[in-house]
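Look at the two complexes coming up: chain A is in both, with chain B in one and chain C in the other.
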Partner chain A sequence: MARLDDDGQWIVMMGFLVAVSIFFLALVINQATLVGQTTAEGVLEFPKSDIRDFTEEVHTLVDTGDVYNSTINETLRRDIIALEEARKNTIVNYSVQQVDISGKTYNETIYHFNNGVTVYDATVHY
Partner chain B sequence: MVGDDAQLYTMEGIAAAFVILMTVYLVAGTTSIYTPGDSHISDMQLEVLGNDVLLVMDTPTEEMKESNLTLYLRTWNATDFERNFTSLLRSRTTDGPDDTLRFAAFVSYNTTAGTINTTPFGSDGGRTGYEQAVRVTRLVTIPGRPPETPGDFREIKQVVMVEVLIWRG
Partner chain C sequence: MKIPARTDEEGVSEAIGFIIIFGIVMAGIAIITLYGYPMLLQQQSNADVRNMEQTMVVLQNDVKALCYKNVPYKETSLQVGGGVLAVESADPTGERFNISVIKSGGTINNTATNAIIDAGLSPFSPGMLVYTADDQDAVVAMENGAVIRAQAGGSTMLAEPRWYTDDDSGKTLVINLINLNSTGSMARSGMGEVRLKLMPTDPPHIENLPGETVVVVYTPADPAGNFSKAWENYLTGTLGMTQSGDTYTLTGVNHLIIKKYEIQVLSL
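Showing the complex of A and B:
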């Protein structure tokens, strides 16, 4: 029977340990691309521009007096709702009313946005 | 008789084989392959660019003044819209040739009959129907019916939606 050479067992064990730690680092690199991609997709898929377009348009209407003293311009509101539904498959709505907070009068605008994936609601006092 | 010599060498061989297999698996798995399903990432980047262009065009240069986009729609000036949109869409920070993006714009509006109609509002060339286009939109308030628009455009103050198809030409 051949003699088993049992010298250098520490070296062999350390070799394995180093190999395992390199595996761990490789696993991190392996996942990095996937994590980066899904994160970027998540950020891009959020309908930021659609929501901002809707709220900015309503805000401009409020700001320029088209919606004021609790009298919403119903024609413009129906235009926005119809266009968003027909062309963007998005359900939107908004309402404006004047509220008194700490002795000051604000326009309280309530936004609702739902495109089937993202639901966004906001209440703005301005 | 089965020889039981060199059993440690056999085990070492198996361990080494495992190490090599693991390495190859990790190296092969780290490369990401661009599949057709991933093309929506560049589409979404195109959408971001298009939305930015519309945002810039819809921002007035002075407070309480009307934006270029509103001006073009109010006067139905598709020529200036095209020029402005093209320059914003294709400009690059570096010297050299402009980007090769193409676009076609439309305006959707609420008709006198209460339905939504869409009418062309300028494009930078013909389309084959096979473009991999993305669509960006923006709501615009105009004070009345612009000249040279279809007959079912309402005369009153209204909100219309500018829609732009953008693709890489």
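Showing the complex of A and C:
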């Protein structure tokens, strides 16, 4: 009588295990499509050059004598605010006054910058 | 007495064994056909819609570049799968925003409101780029600078427009209106290229007010493209406006800045 030889059954079992592992691998790969969904949204960069343009313009005004006894040229200030609003879609404001710190007189400049994404406030003495 | 172990094959029928195995195989095929395949199609369709959500955010970034970064022209190649991307030009009788100003006593500020109307800023119809999925109830739209996903019974805002308040020197409310238009009707399925062009823009309209109330009324389009919930959540949540019906109010506004951009969709 032919003897039942079950020595090779592990081959069937390994085949089964490989099939199951491929199934789980497929699940994992399916999840991978979720990655990268938010990368396109990561374009909100800090408007460094916009802020720098604005503060440099004000610096120039302060350096060329826009400040005299805490008064600033209101026409120029309005122009800058209007230009920033029209060209950069940004609300800016600044004020300059002279303060005495340790016996020295400094120009204290307060900047405000808001473009809807980034709000930047700074106070500069020099 | 010891019974010798032997392979007892009494009661074993080859026919019954075959029927059982065949039955299991047929049941497996039936389950996969009835449940597995539709689930696979559903997954495919979901992936298409999700891809389109990302694409819309990319297009929104294009629009942002056109409006806020002085870029005159933008083009983006994209793949529209499982549905159709179309342009809906601004329709004055369709979806629209009305902006008006109310004095602190509750009466309408006719001077400011009429100035806004005369500047062509109210009523404002945005127009939109809209994707409609074939196999499921899903609409992804980019309108007025926002990306919105809508289904029957609700809508959510995936990416917000750039309306904001600033409290530095009095309360300033900035409303950026973005209008999408095309010369003819356009629709696309498959690979395409979206070309957008910024039309000449007027300077911002500025109303200086003594702390008055700004009113925004949102009138949705037909029920199929109803984005009320998305706008409601945005206006009441992010901007902190007060809602009553489709009317949203923001009190104590000293400066109201409204800017309107017009974008021409040259092709899809």
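A few points about this structure:
Please note the rule applied: the second predicted complex is superposed on the first by the 82 of 126 C-alpha atoms of A that agree within 3 Å, B and C clash if a C-alpha of one lies under 4 Å from a C-alpha of the other, contacts with A are read in each partner's own complex, and residues count from 1 in each chain.
By our rule, contacts are C-beta pairs under 8 Å (C-beta built on N, C-alpha and C of every residue); 3 or more make two chains touch, one makes a residue touch a chain.
Keep in mind it's a predicted model, so treat the numbers as computed, not measured.
In the overlay built on the shared chain, the residue A:I80 is in contact with chain B alone; chain C does not reach it. In the superposition on chain A, A:I91 makes contact with chain C only, not with chain B. Of the two partner chains, chain B is the only one that A:T60 touches; chain C does not reach it.
Judged by the touch definition given at the top, the superposed model places A:S49 against chain B, while chain C stays out of reach.
After overlaying the two complexes on the shared chain, residue contacts for A:A19 are found with chain B alone; chain C is out of touch. Look at A:N114: by the touch rule set out above, it reaches chain C but stays clear of chain B. Once the two complexes are laid over each other on the shared chain, residue contacts for A:I29 go to chain B alone; chain C is not touched.
Look at A:A122: by the touch rule set out above, it reaches neither chain B nor chain C. More chain A residues lie in contact with B than with the other chain of the pair chain B and chain C.
Overlap of the chain B and chain C contact sets on chain A: residues 4, 30, 33-34, 37, 40-41, 86-88. Taken in their complex, chain B has these residues touching chain A: 4-6, 8, 12, 15, 19, 22-23, 26-27, 29-30, 32, 38, 41, 44-45, 47-48, 51, 55, 64, 108-110, 116, 118, 136-141, 156-161, 163.
Of all the residues in chain C, the ones that touch chain A in their complex are 7, 43, 47, 50, 53-54, 57-58, 61, 67-68, 70, 159, 162-164, 166, 168-169, 172, 174, 176, 203-204, 206, 257, 259. Residues of chain A that touch chain C in their complex: 4, 30, 33-34, 36-37, 40-41, 43, 85-89, 91, 93, 112, 114-117, 119. Interface of chain A with chain B (complex): residues 1-2, 4, 12, 16, 19, 23, 26-27, 29-30, 33-34, 37, 40-41, 44-45, 49-50, 52-54, 57, 60-61, 64, 66, 73, 75-76, 78-80, 82-84, 86-88.
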